[in-house]
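Common to both upcoming complexes is chain A, partnered first by chain B, then by chain C.
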Partner chain A sequence: MRIDRTHRTWLIASLIILSVASAIYLAYAQTSPSGPSGGSGIGLMFGVVGFLFMIFAGLLAARKKVPVWRLGRAQSWMRGHLWLGLLSLPIIFFHAGFRFGGLLTTVLMVLLIIVVASGIFGAVLQHYMPPVMTVRIPMETIFEQIDRVREQLVAEADAMVEEVCGPRNPPPPAPAGSKRGRAATMTTIATTTIPLCNFYNGEVRPFLQNESIQNPALAARAKAAAVFEGLRTLLPSDLHTIVHNLEELCEEERQFRRQIRYHHWLHGWLMLHVPLSLALLLLGCAHAIMALRY
Partner chain B sequence: MARAKLTTKTLAQRIDLDYFKHPHPFRRARSILSIAIPVIALLWLGWYALGRNNRVYSAGKMSSAHAVLTAKCSSCHVKEANSFSAKATDRSCDTCHSAPFHHANQTFTPICASCHLEHRGHLRLAVTADITCTQCHADLHTVGAPTQFTAEITRFNGGHPEFAILRNRGSDPGTIKLNHLVHLKHDLRGPNGPVQMDCEDCHRTVRPPAGWRFGSPQAQDATIAQTGIPPSLDTGRAYMSPVTYAKHCIACHGLQFDGRFQESAPHDTAEVIHAFLVQKFQRYIPNHPAELRVLAPHRNIPQKPIPPDVRVLTPQEWVDLRVAESEELLWRKTCAQCHALRFATNATLPTVVKSNIPQRWFQHAVFNHDAHKFQQCVECHVGAPKSKETSDVLLPGIQTCEKCHRGGREAAESRCFECHTYHDWKNEKPVKGTFTLSASAIGN
Partner chain C sequence: MTASALVELTIDGRKISVQAGTTIFDAARANNIAIPTLCNQQNETPVGVCRVCVVDVGARVYAASCIRPVEPGMVVNTASDGVKQARHTLVELLMSDHASPCARERQSGDCELEALAKHENVAKARYAPRAMRRGPDNSSMSIAVDFDACILCDRCVRGCNEIRENFVLGRMGKGASTGIAFDNNEPMGESSCVSCGECMVSCPTGALTNRLVTQTEIAVTPDSEPVPLHELQELPFFGGVSGTFLSLNRNAVVRRHFKPGEIICREGEYGSTAFYLLEGQARVSIASPIAHVKTKGSMRRFLGKLSSRLTQRQNDHREEETAQHWIHIDAPMDLNYDNPVAMLGPGDLFGEMTCMSLYPRSATIRAETDCTALEMLRNVLDIMQRNKTFRAKLDQSYRQRALDSHLRAVPVFAELTDKFIEGLREKVELVRFTPGQIICRQGEAADSFYLVRIGFVKVSQAHPGGEMVLAYLSRGEYFGETGLLEHSMRSATCTALDHVEVVRISAEDFASMTEQFPGVRRNLEEVGHERVKMNEERLAAINSTPLDSFLKQGLMEAQSLLLLDLNSCTRCDACVTACADAHDGVTRLVREGLRFDHYLVATSCRQCLDPLCMVGCPVGSIRRRNSLEVIIEDWCIGCGLCADNCPYGNINMHPFNVFTDVPGMPGMKKAMVKQKATSCDLCSEFAEPSCVYACPHDAAHRVNPRAFFANLLKQTTAKTPES
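What follows is the complex of A and B.
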């Protein structure tokens, strides 16, 4: 989600809430004989408000599970998640008097800091990366379907190359009487297309087929262009179309690889953010119950 | 062969429309983590619950003094209805501590835990915030009689009045005639020649022990019997050893009373001295009977010489005469050099006015000389080298303290607790221990 003008209301509201909370905290911290404490009335108030903010932020996941419910727009939920989640950190700091306290509260504070920090990191990525991806990955596809599309690209490339190089897995040898004629045909094909066949089987196909294959010559667009240009000089002009097609397929593969890399950046932080958020809410409940009960 | 043109349609045809039914490993890993980590968190809490260990819910590290009780929450958090109460009650504190209340006429008594904040790490519990004091002293109200203290004290730097004795331009109540200027002058006549006296020759704490330069070898140091001092303060190091004749004066200020004796008179009451003198002369005269012959004062009349008038005294008459002469010397000169003596009309012996040397100037605060030993004495007691009168108050003013105790990170402590103690330790009561070593080691 981009942080744009539509966030202005949330930003202003968050600043007001933060200002009011800061003013209350400063007055409270300076006048409280025992100093700021989570167990005092105002400290508890900060704790309750901060925890409610966290719960609201956590409800975004639940809201996504039931998109058909009329519970406000998804974008509003996301904005609330962003801003109230961010506000929960200073409010909880006010609750704790900027101390980490005991074992459970220290764990909670560390979790909160990690969750908020990862959330900020994710928000920044979500703000800046989509436009970059639009420019740099015009062939972007659904992340989960990349392997499937990649298989299609390989099949397409195989079909093109087999037309001139023959099948990659030739049928079993023919009966003895027809052996010579068969061999003569293959030899004819091979002599004109050997550079293409060798280049495809040795370089292009492994590059298209397997993401883990690192091919410096094909991984960079400029180098790949030079390599393909060199290949063209070795081939008759009627094969240049195939070379061009293979070059396009390699470009698609490069974009898929870039998309995978960007996707890991764009969503990898959620591996930390989501599980730790759930743990935070769970342990926060335990802390709240124990604190309010005793 | 040219590739088919990539249109939205052709691109869409690449996609398996049921792809979302088969989660990607990336998403699956996130789901697994989203279940695993909260479950681990629950197991972690459950582990403590199974062990009936509530330390996980502790609000923070215990203070150094109470660290040994970390595993024994119930020491302070008394169990109520089989559960721990969040607040440590005063009753729990009183189990181990006798902490007398502040003043009988205070308007309210805060609970122990509101000033001595526990679970804040390895801190000294006696270190309390100024606000714990100023919540009353910033606008002091009392129950019953109006307060005799300054009613508005907000902090030490700028919010604290001058010390009472200086504020009221009081004088030293001591009656010993002491001239600091004379005692600190160069080439002062000492017992064995000229000396240069130093402050430490008379003013030093009891600990560490050391002999006194101008004192009797038999003179014993004694700490000041003070009340209202917190138990944590070592008075032997904090306060100056009381100035006494035996420790500080005897070497120079001998109490010779008669040329016949090298011995000094005792430094005691007039009655004791009188008895001493009588005894001395009574023992002397039997061995020197010739001294009973006493010449009358010579009368020198021109042109008419008169033979000397010789009288022979009885031993008692001689003793009375010598005692009277010695006492005249002592009462009028030797003793009177330092002491004030009162001569009642009907009494034969004077009374020595009580020396009344203040041992502790701040009756409502504590001061620790040991903590200030790195300073030269005259840095604070500026007036001492020039003082001529006993009545001079040589106590430094609050501005002197504020030179170091000025607040802030790069200054000495300036919070209230540094000098003042809330508890009236005069009313401290003995505490009977209730803990056992084995119980202290068991959790909860």
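What follows is the complex of A and C.
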């Protein structure tokens, strides 16, 4: 989600809440003889409000599970998640009097800091990365379909190259003198195409086929352009169209790799943020029960 | 034979007697003296155009033996050095005009000219070929024409005119540009050729050959049997067809037997054959529920869980839904909306559109009694349909049984009286058009009104910058009324998209109809005005939108587009999940499509300039509303062709469990999965579509593109000097 001027209302509301909470905290900290404490009335109020903010932020995941329930627009939930989740950090600090306390509360504070920090990191990524993806990956496809599209690319390239190089897996040689043997001799590959066939089988095909294969020559656009230019000099001009098409396919593959990388950045931080948020909420509940009961 | 009628002559030193009037060629042949020939055939009048049969009769010039009658005391030399030299030169000249090896030589190695050339040791002609080449004509379904292989021997012309008396073939042009022609030099498939095959079996070269269609044989199964040639020839609709030609195509037709209850063909299935019922009764019905997909919120509306169910139009009348009572199918009759069942009997032909244009079957046909039918591929169907006897029968059958319902199925003709239709019955004309053939052209004088009986017609207008497709018309729809009502020129070009058959009503009959029934005239005028207005609006929209890419993507016509702002979208797919959740797990949205600026136009109906989804629907259940959005009528049979045809993947097939009757077991029902086509309905139950509502990143928007992109268009226009 882009953090733009449409967030102004939430920003102002959050600043007001933060100001009011800060004022209350300052007044309370100065008047409290033994210093601010989470167990005091005001401290407890900060704890309850902060925890409610955290619960609301955590409910976004549940909200996403039922996308069409008419519980308010998902983007409102997302804005609430961002701003109230962010606010929960200072409110909980006010609740704790800026102290970490015992083991459980220390764990809780560390978790909260990590969750908020990872959330901010994620928000920054989701603000900046989509426009970058739009510009840098014009051939973007649906992430889950990349492997399928990749298979199609390989099939397309195979068909193109087989037209001039012959089948990649030729049938076994027939006994000498048979008609089949004679036919096979007739389809012998022209020597002029050998550089293309070798380059395709040795470099391009593995690059297109397997994402894990790192081919420095093809992975960078400028280097790849130079390599393909070199290949053109070895081939007759009627094969240049195939070279151009292969170059385009490699560019598409590079974009897929970039898309996968960006996708992991865009969504990878959730691997940390979501489980830690869940742990934070569970431990927060435990802390609340223990604190209220004992 | 009397002695006085005999003529004595000498051929190659042999004294022979033949009847007066006999040609030298026939006299020689009767006495086992072979003279080569190309243009001469026993069953045709000799014309002596190829001159290959030249002989020396001692005159100043050599004579063509096939046309020169014998004379008393004549001395004929058929193989002198001079004759041999002349014949050799003639063959060389003919070969120079013959694209060798021709199709016949390639297929069966029996081109008569090329065989003669081999015999004469003519390996390569010394003469230059004709500069003007006409090339092939592949417009006929059953005969391939290669004008470049033609040697102008006229055997085909005589076969067509003398033997079959069809008078389709003739010569055209003069001198070096002489050639054979069908009718007034029409493509063979568009001419009045009846596909009797006589020209093809007469042709000595590969100029006219049997066309190999993609599938030339129907597999013989236990319930089918090949039909012997003599039985085929006895069938009235193969009368007049050359036996050789029929023999070449006999594997493309089988006789099939069906027991009562057995299915002959099933709706929605793809096929390539048509059926001609010889005996028995068959029942035509539509097994798919006659209902449309209604997505409803009901009690669980708060939860946003929409449920899709099948609803009939009586219970849920949609805006601009048609009120027609007839469902058009690929058979000689239409089905009633309320009771879509009809009977077929001996002499009925069905499955023409499937066979000719490979569309899905439009209805399920089940044998009611023991049935025997001919199942045929399109080359045989084409022969049948071109046969004069069969055409007359088909026309008669249509006039008697279908014209009435066909006319009444068109709402604007609702008030026509039985008496008037009775009068019209003998006046209308059934006309066939081949794919790509122009039915009427923009700017021509309007002389007829047309009602589509079979196939699809593209209505388009030429404008500076290209052609604009106004509509695709299918069975039951009509065109040509505007020009007749306003006494003006045709405002659009109508082209046959596939194998089309239309009912043509002449301008006089049309005028009589509109005079007698002012209501019909009023209705036609109203529809005409609506069409004109809509076209003008579309044209104005095109003219005021300067961006080529914007146009190409079909965006400017859309009333409502789903746009994803790629600068905000995190590719989380919440929109797709929401769409699937809202529609019983069947998403109508795919997060892929064309891009305009930083917006992705996600796949959802965009009311294209050229609505390909409408082409080929076997029951005509998909059409445009005036808002240009598509509406899928209740009688969709779920064949999925529209979904396949839509280039943007905006039509989805929604499966439903339905219960259908078990044939032969009254009262019994069985569960079946039937599909219905659906397209985005904007979640009309809600204030906001689910995809937009569920997007957490404010990236999904349903917008009116012209308003939404107005600023962007202005900016881009300002930046483009030529615009």
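FYI, the second predicted complex is superposed on the first by the 281 of 294 C-alpha atoms of A that agree within 3 Å, B and C clash if a C-alpha of one lies under 4 Å from a C-alpha of the other, contacts with A are read in each partner's own complex, and residues count from 1 in each chain.
We take it that a contact is a pair of C-beta atoms (placed from the backbone, for glycine too) under 8 Å apart; a residue touches a chain by one contact, two chains touch by 3 or more.
Computed from a predicted model, the values in this text were never measured in an experiment.
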Regarding the shared-chain residue A:S22, is it in contact with chain B (first), chain C (second), both, or neither?
-> neither
Scan A:M1 for contacts with chain B and chain C and give back first, second, both or neither.
-> second
Where does A:M133 make contact in the superposed view: on chain B (first), on chain C (second), on both, or on neither?
-> second
Could you look at A:T9 and tell me whether it touches chain B, chain C, both or neither (first, second, both, neither)?
-> neither
With the two structures laid over each other on chain A, which partner does A:N245 touch: chain B (first), chain C (second), both, or neither?
-> first
Comparing chain C with chain B, which touches more residues belonging to chain A?
-> B
Could you say whether A:N210 touches chain B, chain C, both of them, or neither, answering first, second, both or neither?
-> neither
Figure out whether A:S34 sits in contact with chain B (first) or chain C (second), or with both, or with neither.
-> first
Once the shared chain is lined up, is A:N201 touching chain B (first), chain C (second), both, or neither of them?
-> neither
Both chain B and chain C touch chain A; at which residues?
-> 141-143, 263, 267
Can you list the residues on chain C that touch chain A in the complex?
-> 301-306, 566-574, 577-578, 581-582, 590-592, 595, 598, 686, 688, 690, 693-699
What residues on chain B touch chain A, complex-wise?
-> 1-3, 6, 11, 14-16, 19-20, 22-24, 26-27, 29-30, 33-34, 36-38, 40-42, 45, 55-61, 77, 83-87, 110, 113-115, 117, 119-120, 129, 131-132, 135
In their complex, what parts of chain A are in touch with chain B?
-> 30-35, 38-39, 99-105, 139, 141-145, 148-149, 152, 156, 160, 163, 241-242, 245, 248, 263-264, 267, 270-271, 274-276, 278-279, 282-283, 286-287, 290-291, 293-294
Once bound in the complex, which stretches of chain A touch chain C?
-> 1-2, 6, 60, 64, 66-70, 73-75, 77-78, 126, 129-131, 133-134, 138, 141-143, 263, 266-267
